[in-house]
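Next up, some structures in structure tokens.
Paired with subunit B in one complex and with subunit C in the other, subunit A is shared by the two complexes that follow.
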Partner chain A sequence: MKPATRVRDALLAGARQPLLLVLLVLLLALSVSYGDFASTANFRNIAVQASPLTIAAVGATYVIITAGIDLSVGSMLFLAAAIESSHALAGVPAGLVFLTVTAAGVGMGLVNGIAVTATRVPALVVTLATLQVFRGAGGHITGQQNITLAANLRGIGTAAALGVPAPVWLAAGAAVGGGLLFSRTVFGRYLQAVGSHRDAAVHAGLPVRRVTAGAYALAGLLTALASLTQTGRLGAVQPSIGQGYELTVVTAVVLGGTSLFGGRGSITGTVLGALVLTTAQTGLVFSGASPYVFDIVRGAVLLVAVLAAAMRWRDLARAVGPTVLRPARSRSSRRKPAKKW
Partner chain B sequence: MRRYPVARCVAVAAMATLALAACGPTSESGSGVGSGKGHGTIGVSFDLLNAVRTSEKSAIERAAASAGYKVVFDVADQDAQKQASQIQDLIQTRRVDALIVIAQDGKQIASSISLAKARHVPFVTIDRAVADEQDVSFQITGDPHADGELAADEFIAAARTKPLKVLELVGALTDQNAIGRRDGFGNTLKGHADLTVVSQVPTDWDPSQALDGTSNALQKNPGINAIFVPSDFLLPSVQSALSTAKRLAPVGDTKHVFLVTIDGDQNGCKAIRGKTLDADIATRVDQFGTEAVQAITTTLAAEVVVPKTVRSAGVTLDQANFATVKARVWGCGD
Partner chain C sequence: MLPALVVLIVVLSVTTDGLLTSSNIVNVLSQSTVVAIAAIGATFVILTGGIDLSIGSVIGASGVAGAWLITSVHSVAAGIVFALLVGAGIGVAVGLLVAKLPVVPFAVTLAGLYVVSGGSTLLSHGRTIAPVPAGFINFSIDGPGGVPYAVWMTLGLYVIAQIALTRTAWGRRVLLLGAKEEVARINGVSIGRVKTSVYAVAGLFSGLAGVVLTSELAGAGASMGSPLLLNVVGGVVLGGTSLFGGRGSLLRTAIGVLFLGFLSNGMSLLGLASYDQQMVTGALILLAASADGLVRWVRPRTATA
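And then the complex of A and B:
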């Protein structure tokens, strides 16, 4: 494929994202309202702030596409940070620490994935349990104390290359890599198949359990990466890190068009979802809004995302028709009811 | 159920291992027993465990040990229902002689207070006020409003040398400590023309929100030259944002941003010692433990504690009095 064609396809794919328009309108409105909003420094600020959320949300997209959910994201983020700051890794070269933390992330994701696939207990319940387990384990490691991060571990959140901050490079890598994995690999197609109709995928002989566990493992890996980025920025590990983060991550994913019922979604949408949330947050500070308004806006965005997802589900149901999405009725039940005399 | 038995076993084993790791034999979770001489057992129920709570726990354990009590400790993980169950267990199953509680919810704790009263178990609340003050044996809390006022006094003093444009961070809007600190600070600043709060940013006690909020506010108002941080544990986030904006400079430097926090934990003490923080309003954590245990001894002797309610304002630790006051600040201990 020619480069020009690729660019055109990419632009067309972007144009198919209604959230792109929302983001552009939001940026335009804020830039017009507040003169100092439209500055390179501020856009850089937004990009950096959106990076950890983008990375974690790309991972969560894989899980949600399989019709699963991972409520342990915030606790995984904390446990990964706790491992990073633990005495056991003190003085260890940064590369080895990062490798250990990402491996731990994969391990945490696999615990979720294997528990979901092996027990058939709903992912909501499994990850609600691991939410407690991971946060407890993190508290055990840190002793619930605030721990200052070693200087050599902060570069991943504060350094820059070619003028672009490291978190933005990582988020871009996660988004591009995640997008390619999703759209150009067999694994990506299996993910959609499993999420669309799990039983059909099983009957077609797809490795449903391995694909599902893989999705959770990837989510764990990317959550650990998000944790490294965020703690690098913060410079410290605190017990409250990641509390309630799962709600923000799921909002970004659902806002980006991924169906909570599985089978449909896109990484581009998720990235846009994270950018819209972060831009709105920045806009609130610029507007000088009352602190109470922040919570209202956050809740409203989640409500809009869920309503939009529900409407899309109804549209899909109408488009596909009753034979696929409604339980099959017996031949006799399809007969017209007898007239009453 | 016949397929993948190995995977199921691995999943169950992994979950069990992690659960055990999380509930390991630490004093932070489950129950711990302090050294005592057998005069009785105090059940302690905390809402959560963080740096402040760990110090409060240590203060209780020290005071209990010297008075000859054993201590049984529970943490509710910020779950009011869980706390009610734990207190019920402490009273009915473990049959403690008295309770010291930091309530997750000042109103929902009422049923636990009633249960303790029915069983004649002294109920002492610390740190966070409860709605049923008349039914508790003794209550000692900080005074968040007074702490906010003390913080504001530092800003007013600093504004005598140059006008201040203040960024005010706010804790969780559902937390009475956060609201008290905000109101005390805001009310005291009123009428001071040389002090302007140019931005008020909610943090929900989340370090990430504090970091992003401070970065955004510095972007919007580059003239900000003072920041009110309502808790020490948000200080690293604020310093990180200042560092990124190339605004982090020591006290005395012309680029220094005036900073005041509340709590008096290790972060705050270290920052004052390192001359990156101007003042810290330290909570009287040791006083909570000592007075709570004294009140239990008094109540168990069938006497009435007077006064029944104590609100303890913090101690101001700043660059000028650091050497003399640090011994009274819990975060400055070794």
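And then the complex of A and C:
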């Protein structure tokens, strides 16, 4: 391993650690401020609430590592829920419904992935358009009505095993499986290669398009799973479900240290990011603040996370010297944002 | 894109009744004004290779700000000026962040979207601010020749903006920056200043769009602008302005916005539900955007061959 790479890895590992500290400090501060906060029931509640976000954010991490973005995640969540609650699937055994919804999630992800890879339209615009398509389709299925879910479909959100709620099991599964896929498989390596230098990956003969489309398909699959957990917990499908979800998901991922420029990322970071955001949201509920305050908070957190990442990049450039990475003020760093919006 | 607009109009006039009556055409034009005005600013941002996702929320925020002043001090002029200042102010803030820091514009403007919409909802307590004076509402209803003042104003703005893009030094800098940032820098263009200015211009036009929307709706709510984002960006993209920057014009944007205007009017005449309209619009924007991408994808190959 080159010294430069070692320095970079050490810096990145160090940069990821603070989030755990942030989470602990946040939990401690909230427990001290609000007497009811530090209860088993509340911690359990935070874990359950963070589960769908964690699952969806793990999927978004793959997409962002390829230097892509998926703004349609909230609409996919809604369309998946709409399919789950549709008349066509009424009376069908729960397992089969879950399978159908998951397959639909993969399908939606593939639509994004194929549109991004086959046309090279910026992922931002592709997913901004599919955001409308998926939400419209969901509205078509539900007729913009609130739909109560059949009892057999709610278990995935309300059941528990060994004292741990089902959503938490699923989120843990997604995190561990997602992490292993990322760090231990060829696909995971390819994802990083495609994200850090697409042209180099093409020249090295990697199946760049299939890997990119695969990342979006995986994101679709995990979003469908997030949708199943979310709706199972709520017991109903509302037309507003998933609106503005893209910001929460992207914020969790970026907060976790995954770079919006692609190539670098961490599933552990994403999980911590989702936990920090959910804890902050619960804290705001305890403080009695208006729900719109959370809009401002997650917007501000995204901005701070992006800026922190940029600063980190700058320090990194200084640490390893101009031969490996030119300083942030140089052309190479300035050109990067233009490449990917 | 013009042929596509013609085809759309022909198809819709055959399948629906009354598409090409003069009253319906005025209808399409006046329904398109808000999107058209905001799309002017978006065109400049996209011409530099950037993107502004905060447009919809700035429309809502400036509309609320303007309506608040109009109802509290009873001065329409003061309200309009305040709305424009709020829009331009947010635009400058976003522009400075994009220009001065090595971050992607979409992240800054996505964060801006929620900070602005959350902030304006909070300040307006989630309520619609009304009533505004009848004279102010008339701006988007009445006008010379039966065409609302707002439509005439939009037409004038497109002429001015097109001249600013093609005939002024600033316009040239915007185009050069979008085509090749390196070349622009070497030629002495102040990249940061031009980038800040396009987001400021986008904020200003969003502010004006907020004023016109407030006049149309006879009141303002913080969330009124958010559904417009896709139509604004979609109008620019459908018109054929390149998302990679450097290629495009206001004329193209006008055609793209009109396409969406006729499409939505025609779909309403056909009796399509709002969610079906959403699906069709999204799919068409995706299709149009891919056409642009395909051209770019094919071109370098033919150039090297």
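Convention: the second predicted complex is superposed on the first by the 289 of 341 C-alpha atoms of A that agree within 3 Å, B and C clash if a C-alpha of one lies under 4 Å from a C-alpha of the other, contacts with A are read in each partner's own complex, and residues count from 1 in each chain.
The rule we apply is simple: a contact is a pair of C-beta atoms (placed from the backbone, for glycine too) under 8 Å apart; a residue touches a chain by one contact, two chains touch by 3 or more.
These numbers were taken from a predicted model, which means no experiment stands behind them.
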{"item": "Partner chain(s) touched by A:140 [first = subunit B, second = subunit C, both, neither]", "value": "both"}
{"item": "Which of subunit B and subunit C A:20 touches, first, second, both or neither", "value": "neither"}
{"item": "Which superposed partner A:300 touches (first subunit B, second subunit C, both, neither)", "value": "second"}
{"item": "Partner chain in contact with A:129 - subunit B first, subunit C second, else both or neither", "value": "both"}
{"item": "Which of subunit B and subunit C A:103 touches, first, second, both or neither", "value": "neither"}
{"item": "Subunit B versus subunit C as contact partner of A:250, first or second or both or neither", "value": "second"}
{"item": "Touching partner for A:36 - first (subunit B), second (subunit C), both, neither", "value": "first"}
{"item": "Which of subunit B and subunit C A:92 touches, first, second, both or neither", "value": "neither"}
{"item": "Touching partner for A:261 - first (subunit B), second (subunit C), both, neither", "value": "second"}
{"item": "Subunit B/subunit C common contact set on subunit A", "value": "115, 118-119, 129-130, 132-133, 135-137, 139-140, 144, 244, 290, 292, 294-295"}
{"item": "Residues of subunit B that touch subunit A when the two form their complex", "value": "4, 7-8, 10-11, 14-15, 18-19, 21-24, 26, 28-29, 49-51, 53-54, 77, 170, 173, 199-202, 204-208, 211-213, 215-217, 219-220, 233, 236-237, 239-240, 243-244, 265-267"}
{"item": "Residue ranges of subunit A touching subunit C (in the complex, touch as defined)", "value": "69, 115, 118-122, 124-126, 128-133, 135-140, 144, 244, 246-247, 250, 254, 260-261, 290, 292-296, 298-300, 302-303, 306-307, 309-310, 313-314, 328, 331, 333-338, 340-341"}
{"item": "Partner subunit B, residues of subunit A touching it in the complex", "value": "34, 36-37, 39, 41-42, 45, 49, 52, 110-111, 114-115, 117-119, 129-130, 132-137, 139-140, 143-146, 148, 158, 209, 230, 233-236, 238-241, 243-244, 278, 281-282, 285-286, 288, 290-292, 294-295"}
{"item": "Contact footprint of subunit A on subunit C as seen in their complex", "value": "49-51, 97, 101-108, 110-115, 117-119, 121-122, 126, 181-182, 185, 191, 229-230, 233-234, 237, 243-245, 273-283, 285-286, 289-290, 292-294, 296-297"}
